[in-house]
Each structure stands twice: as structure tokens, then as C-alpha cells.
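Quick heads-up: structures coming right below.
Paired with chain B in one complex and with chain C in the other, chain A is shared by the two complexes that follow.
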Partner chain A sequence: MSLLEIENLSVAYGDLFAVREVSFALDEGAVFVLLGANGAGKTSILRSISGLVPARGGRILAAGRDLRGLAPNQVARAGISHVPEGRQIFPNLSVAENLTVSFLKERTKETMAAALAAVYELFPRLAERRRQAGGTLSGGEQQMLAIGRALMNFPKLLMLDEPSLGLSPVLADLVFERLATIRSLGTTILLVEQNATCLELATGGIILANGRVVLAGTRDRLQDSEFVRRAYLGV
Partner chain B sequence: MSGLETAMLPVMQAVLSGILVGGVYGLLSIGLSLAFGVMRIVNFAHGDMVMYGMYVGVVGSTILGIDPFLALPASFLLMAVLGALQYRVVFRRFVGHTTLNQLLAAIGLGLALQMVAQLIFGVDARSAHSIFAGKYDLIGPFFLARAQIVAFGVAGVATILVELLLRKTQWGKAVRAVADNIEAAEIVGLKSQTINLTAFALSCGLAGIAGTVLVTYYPTDPTKGFTLMPIALIATTIGGLGSIGGAFLGGIFCGVIQQTTAMLWNSALQDVPLYVLLLVFIAFRPMGFFGRRSE
Partner chain C sequence: MDAPATERGASDPAAERSPRRDRERRAFIYGFVAIAVVAALPTLPFVNDYLLAVVVRALIFIALGQAWNVVAGIGGLLSLGHGAFLGLGCYATGILFNDYGLPPWLGVWVGALLSLAVALVMGTMTLRMRGVFFALATIAVSLALDQLARHYVDLTGGDNGLALKFLGDSLWFMQSRTPTPFVYAGLVFVIAYYWITRWVLGSRLGLQMRAVRDDEVAAAAAGVGVFRTKLLGLLLSAVMTSVAGTLYMQSYQAIDPETAFGLSQAIQLQLPALIGGLGTAWGPIVGGAVMIFLSEATNWGSTKLGVAGIDILVYGLLLLAVVMYAPKGIMGLFAARARGGR
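Moving on to the complex of A and B:
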């Protein structure tokens, strides 16, 4: 059974379809990439998985259980964490509060300390700034905070919506490096990107255009495809 | 004592009474500010919840023989439950944006609460009797009503407790997260509807306490909510909508202005400078003293 299986998912805003009958599946341990230009429907897919927008059609199965109709907090509690577009950290909460406000299955002093320590080890910068208000962090630090916040309840699946957007190449590299670490620690990753350089990290993925899947396959297949070469790598 | 000092004494007396009365105005306002800060709900029915809190004091003292100050926990709980009910039925659908529909719903609810109060309690003014009523303390050269001193103490303690609750507890952290970004709060697993419901219940519970404290020196009738609401609105605007400490200080500020105006000018006109101040703040500093600019 796949960790996450999307079957013929459609998402629409009024009459406007953002996603049309998209299907894909993620196995445990995968780094699955949704690649596409602005408006391809990537964000809508993540938002419907999280329950932030309703699916117009199709099914969203997590380990066999249909997620449709669940509130976003229930999806999060089921082990699917979402790092949203634009980071969406809590600007008036301190860095430490941003992290500890998250739902934890068992909220004891020990589990909280362990989760915090794991996040601070991954992003030492956050430990240095733990007392600072989230809104005063730089873009890169806010991205680290958004990822750290999503990791606090030890999710089975981490979904990230363009984590490299607006970051310098150096910082973007750092974020992807950390994603590799997170994956090696056993978290499955669903990554939305416009930039095909993230394929380095991927095990597989799909390419979306105008809400439809135009190509699906393993990393090598995507990387070698004419589509990616021309559209994304510029060669 | 010099002539100037003698002349200043009544003014200082008015300032001190203003601070005491203003503390209770602050208590009226912090619940209002909480509902706005967390849910962007401007609850025009808040004053009517205060009015019910006053009747809790009346019923407690005249029928059950309980001092209003001892009825505070009951008042808090009753109004919190009523508030939770209001949230479930009415305000749940208006979270996040202050809309005309939300304002109208709150005004309608306030009127309904007033009618119900009229049916239950009649239209005549009623008062409660506290053991502190009619007692005065001479502090230095100043006479202060003991009921007002105790009321001020209750208001101050309540404000500090609410601040601590918001700053130091897991619940408070969650409330602030929901206030910052309700969608982000949901995706980290927080049940935003439950959190909003409890915050709204707290807001109404505070209105209940404010009313019960106020009725120890100020009689009530079913329209009292309507009379008190403008002062609470002005205090929260001056203090900064959404700020708890700001609302408390805004209340004190209103109390002082009101009492000194009454003393120096005319008690019938004691609220006039407050409305002028409201206009000035809305025009030049809508975020108040302690509100955030982005709001």
C-alpha cells in the first residue's frame, strides 16, 4: 500500500479548474516532486491534500484511508505536515513558541524536548534565535522555521510548497541539503517546485501543466526528458 | 497647605476616583479586545453580557444572599457558557474578518439579550448589596469608596491573569497562533474552532465578572449594556484593539478623563471628551497606544 495515493484528483475554484484528474502515488521513503510553472496546479494539490480546499473529484488516500472531508488539523494529526507557500509562520510568536505550539501526539516534557532538540540540531540558527519573534527573522530563517514547525510532530509525510522561493542560491542549497537529511531520518517528502534543480534530490515525480500531468516517472526519466531540458534546465 | 495645593486636591480626588472606576472600564474592555484580537469579531453584544453579569450580582445578593464579590466565579462560568453558545450559533461563521453582517448579527444578538433581560427582570433599575457598599476609606486627604477599591483590585488581577494565560500557557500560545494565522494554525494540528470557542467563552466570562463587580456600586437595568458599550469601545480603541493590557490602561484613561471632566466642568457632559478622543484616535492613530500598525 502506498503512503499516499492520489486518484483522479480535481480541484476547482468556482468554474475554474486548477487541477484536472491528477493521479500519482508515493511510497514510503520517497522524495516525490511536483514540477511545473506558476498556475500549473501544484499548490492546489497540496492544499487539497491538507484539507484547505475541497477536492472537486477523485480520492486522496493515506495508507488506504480517504482524507477527503477531514479538517486540516485532522490531516496534520494523521501525520501529514504541510510547509505552505510563503512560509506562513506565526509572526507574533517567538521562534520557540512557533515550534512548540504544534500538535504533538504525546505532549510530555520529554517528547517536547526531544522534538525541539531534533529541530534545533537540524537548524542551529533557530536555536540561536529562539526568543526572537518569528516575524523578525530573515526569509531563509523563516523557511527553516516553517520546516522545523512541520517536523515537530514527527510526520510520516512532509509536504513542502516551493521552499526555495525567494531564497539566495546558497540558502536554497542549504534547505535542500536539510531535506536530504530529513529524508535519511525516515520522513517521506512531497516537494512542489518550479525549479528542476530539485530533481537531484528526487526519487520520482510528475510534471504538471495547466492542471494536468504531462509527464510522470522516475528521476532519471524526468531529468532526461525533452520537456525538462527545454523548459527548466534551459539546455 | 498652600493655596495651589488646596485647589489641586479636588482634581486629584477626581483623578483617583477616575483610576478606580477606569479599572472596571478596563475589565469591560479586555474581553472585547480579546474577541477582536483573536477572531476579528467586534462584539456589540459584549455590553449586554456585562449587563447579565450585573444581574448575576443582583440575583445573588437579593435572592440568594450571596455577596456579589463571592458570586464572581458563578458569574464567570455562566457567561462563559452563554458565550460559548453564542459562538457556536452565531459568531463561528464570522471569524477572521469584521464584516457588516458580523456587526449586524452582534447588534441583533445584543437587542435580543436586552429583551430577554426585560422579560426576566423587568425594566426597573436594580442594585446589589455588597458588604463594601457605602463604606469609604480615607487615604491621605482622599475619600475613596471601598467597593470601588475592591472592584479595581479584581479588575487588575483579572487583567494580569488573562495576560499570563495568553503568554505562558499552551492554550494561550495556541490562541495567539490562531490570531496570527488561522490556516497555519490548522496545518500544525490546532483545532482552531475549539480554540476560538474557548477564547470567546473567556471573553464573555470576563464580561460577566466586569458586570458583577460593577453592580456593587452602580445599579443595573436591561439597557445598561447599551450605556456601557461606547465606553468599552473607546477604551479598546485608545488602548489598541486586540491588546489586553492596552484595553485595561485605555479603560483607566477613560475613567480619569470622565471623572475630571465631571469635576471641572459638568457631570452631564462627562462623556463628551471621550467621544472627541475616539474621533481623534480613529483619525490619527487607529491602532491606539498599544495596537499593531498592521491592524
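Moving on to the complex of A and C:
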């Protein structure tokens, strides 16, 4: 059974369909990439998985359980963490509070300290700034905070919406490097990107245009495809 | 005390703890001195009943401001109709006492339950929506209660309002000829509400409320039950307001629809937290004291000058000044100075 299976998912805002009958499946340990231009429907797919927008049609199965109709906090409790687009951290909460607010497991001093320590080990920068207000962090640090917040529950699946957006190439590389570490620690990753360089990290993915799947396959297949070469790599 | 959110910690972990603890200790000392001064006031020879009545008024508005601060300051939900809960507390206590002889010790809980029910209905209907719907609904509920209070004359006294039957000094019926007992009652309220605010700020609920205030979508993505969090904050605040309403009723002995549900009352409930500092435990206390002091001074001034309504003008100017120069209130100014001094 796949960790996450999307069957004929459609998402619409009023009469406007953002996603039309998209299907894909993630196995445990995968880094699955949803690649596409602006408005291709990538963000809508993530938002419907995490319950922020309702699915108009299709099914969203996590380990066989249909997630449709669950509230976002219930999806998070089911082990699926979402790092929303645009580094949505809490600017007036301290770094430590930003992290602990999302901690949902059995809440004792010890379990929370362990989760915090794990995140701080991955992002030492956050430990240094743990008392600082989230809004005072730099762009890269805020992205790390958003990822760290999503990791506090040791999710089975981590979904990230354009984590490299607005970051310098060096910082973007650092973020992808950390994602590789997170994956090696056993978390499956669903990554939304406009930037095809993230394929380096991927095991597979799909390419979306106007809400439909135009290409699906393993990393090599995507990288070698004429479509990606022309549209994303410029070669 | 500033909210932890506004604090920028020093980089050295050893050095960053001590200023915080120093501030805590200083706040504790200030608080203790303030309590001692207020508690000693009725025993001083030069303090007359007028001055004590002003102190009672300040304490009541501080308590009401503390209650509003929970939902609006910590939770970021702009309630423009908290007068509804104040009025329910007043009317419930007053009607049950006048018509059924029920002491306010029991009436207070009936009022609190009514407020809880109204807040539950109002919150369930509006808190799932984002934006201004909640704020508009709070006004609508106030207006509706205002109309009900004017309509059911037999029960509420209609436009003329409701006056408590006076039985003389009685602890059981919370009545007194002098304001002195209400100074102590008000003090108990303010201290209790301060600790409730501190408890909320330090609790998981408070953290979730502040997260929702910052960003609803991110809070939902972080696993916070946004609707549930907002509703709990509203329910707590409504009950606190209603219970303080009973104190209001006992100390003023009368209530009318305009005083309970009118817009100017709703605004007065917000001023302590707005002036003192939204979302902080000390804000409504400092803000409420400043507000009542100014109000009395301008009242006195307008009587001397023979011009009515100066107090409203001063409120307006004060609010403008706060919004423009100290958006985080008086406590925000203190926090900024504490940071600059380090």
C-alpha cells in the first residue's frame, strides 16, 4: 500500500477548476516532486491534501484511509505536515513558540524537549535564535523555521510548497541539503517546485500544466524528457 | 510585563535569562505595592467616598478590560459588542434578585451561563468565517439584546432600566452604603483576572490563540484547531465579562439598556487594553487606571468650563495618540525602553 495515493483528484474554486483528475502515488521513503509553472495547480493539490480546501472530486488515501473531509489539524495529526507557500511562520511568536505550537503528540516536558532538540540539531541556527520573534528572522531562517515546525510531530509525510522561493541559490541549496537529511532520517517528502533543479533530490514526480498531469515517471525519465529540458532546464 | 513575543533575546544564553527574571521580580514588586496602596485607601483619613467610588470604577473597568483582552488582545478577535456579556451579567443578577430574592452569589452564575450560551451561538455562527463577520456579529447581538431589554418592560424596566432594591449593608446580597467593600471586591477581581490572563498566556490554549492571531492558515497547517481555539477564547472572555458585570451591577445598583448594550460602553470596555497594551497581562491594568483618571479629570474640567462631552473628545484623542505613537500601548513603550537600555 502506498503511503499516499491520489486518485482522480479535482479541486475547484467556484466554476474555476485548478486541478483536474490528477492521480499519483507516493511510496514510503520517496521524494516526490510536483513540477509546474505558476497556476498549474500544484499548491491546490497540497492544500486539498491537508484539508485547507475541499476536493471537488476524487480520493485522497493515506495508508488506505480517505483524508477527504478532515480538518487541517486532523490531517496534521494523521502524520502529514504541510509547509505552506511563502514561509508562513508566526511573526509575533518566538522561534521556540513557533515550534512548540505545532507539537501534537503526547505532551510532556520530555517529549517536547526531545522534539525541539531534534529540530535544533537539524537547524542549529534556530537554537541560537530560539527566543527571538519569528518575524525578525531572515528569509532563509524563516524557511528553516517553517520546516522545523512541520517536523515537530515527526511526520510520516512532509509536504513543502516551493521552499526555495525567494531564497538565494546558496540558501536554496542549503534547504535542499536539509531535505535530503530529513529524508535519510525516514520521512517521505512531497515537494512542490517551479524549479527543476530540485529533481536532483527526487525519486519521482509529475509535471503539471493547467491542472492536468502532462508527464509522470521516475527522476531519470523526467530529467531526460524533452518537456523538462525545454521548459525548465533551457537545454 | 511584555509578552514573550515582543522580546528579542540576547545571544548569550546565560545573560538572556537574568533581565527577564529581573523584570518579573520588578513587576511583582510593583504589583504588590499597587495592591497595598489600593487596599489601604479606605483607611486613610483624607480619602472620601467620591475618591473610593472612582477607584471602584477603575477596578471594574480594569476587570472588564482584562476580560476583553483575552479574546481581542491574545486571540486577535475584534469584539465590538462585549457590552452584551456585561449586560447579561448585570440584568441576570438584578432581575433574579429583585423578582426572586436570589442573592448575587447565585445570580452571577446564571448570568455567566447566559453569556456562555450567547457566546456559543455567536461564535459557532461566525468564527468559521474569516474577516469582519465576527466583529459585525458582536455588534448585531448587542443591538438585539438592547431591543429585547427595551421591549420586555415588566422584566427589565425597559428604557428606564433596572434599579436594585436596596436592603442596607449586607454581604449575602452584596450591598453596601459605602464603596469600601467594592474596593476590595474589585481588587480581588483584578488580581484574579491578572492570574487568569497569565495562565492563558502561558498555556497551550494561549499559544494557539496567539498563533491564530498571527496567521490562521499557518496555524491550521501547524495542526491548530482554529475554530475551536477561537471559540474557547471567546467563551472564556464572555464568562469573565459577565461575572465582572455582576460586580458592576452590585456597585452601581442600576443598569439600563444604553449603559449595558450601547456602543459607547462597548468602546469603553476596549480602551484599557488598547491604551495599556493588547495581549499583555499588565496592559489592561495600566490602561484602565490611566483611562479612569483621565475621565475623571476631564469630567471635572468640563464641569468647570461648562462644556459637556470633553471626556469623549479626550478619549478619542488619546486613542488616536496610542494608535499613531504607541500601537503596542503603554506596556509596549516600556518594553521598547527595556530593550533600548540593554
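Basically, the second predicted complex is superposed on the first by the 235 of 235 C-alpha atoms of A that agree within 3 Å, B and C clash if a C-alpha of one lies under 4 Å from a C-alpha of the other, contacts with A are read in each partner's own complex, and residues count from 1 in each chain.
In the analysis below, contacts are C-beta pairs under 8 Å (C-beta built on N, C-alpha and C of every residue); 3 or more make two chains touch, one makes a residue touch a chain.
As the structure is a prediction and not an experimental result, all values here were calculated from the model.
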Fit or clash - chain C, chain B, common chain A: clash
First (chain B), second (chain C), both or neither touched by A:L61: neither
Winner by number of chain A residues touched, once chain B and chain C are compared: C
Which superposed partner A:A12 touches (first chain B, second chain C, both, neither): neither
Which of chain B and chain C A:Q132 touches, first, second, both or neither: second
Partner chain in contact with A:L122 - chain B first, chain C second, else both or neither: neither
Contacts on chain A seen with chain B and repeated with chain C across the two complexes: 50, 52, 71-73, 76-77, 81-82, 84, 88-93, 97, 100-102, 107, 149-150, 153
Interfacial residue positions of chain B with respect to chain A in the complex: 170, 173-174, 176-177, 179-181, 183-192, 292
Footprint of chain B on chain A - complex, ascending: 50, 52, 71-73, 75-77, 81-82, 84, 88-93, 97-98, 100-103, 107, 149-150, 152-153
Chain A partner contacts - residues on chain C that touch it in the complex: 3-9, 11, 16, 204, 207-208, 210-211, 213-215, 217-226
Residues on chain A engaged by chain C in the complex (per definition of touch): 50-52, 71-73, 76-77, 81-84, 88-94, 97, 100-102, 104, 107, 128-133, 136, 149-150, 153
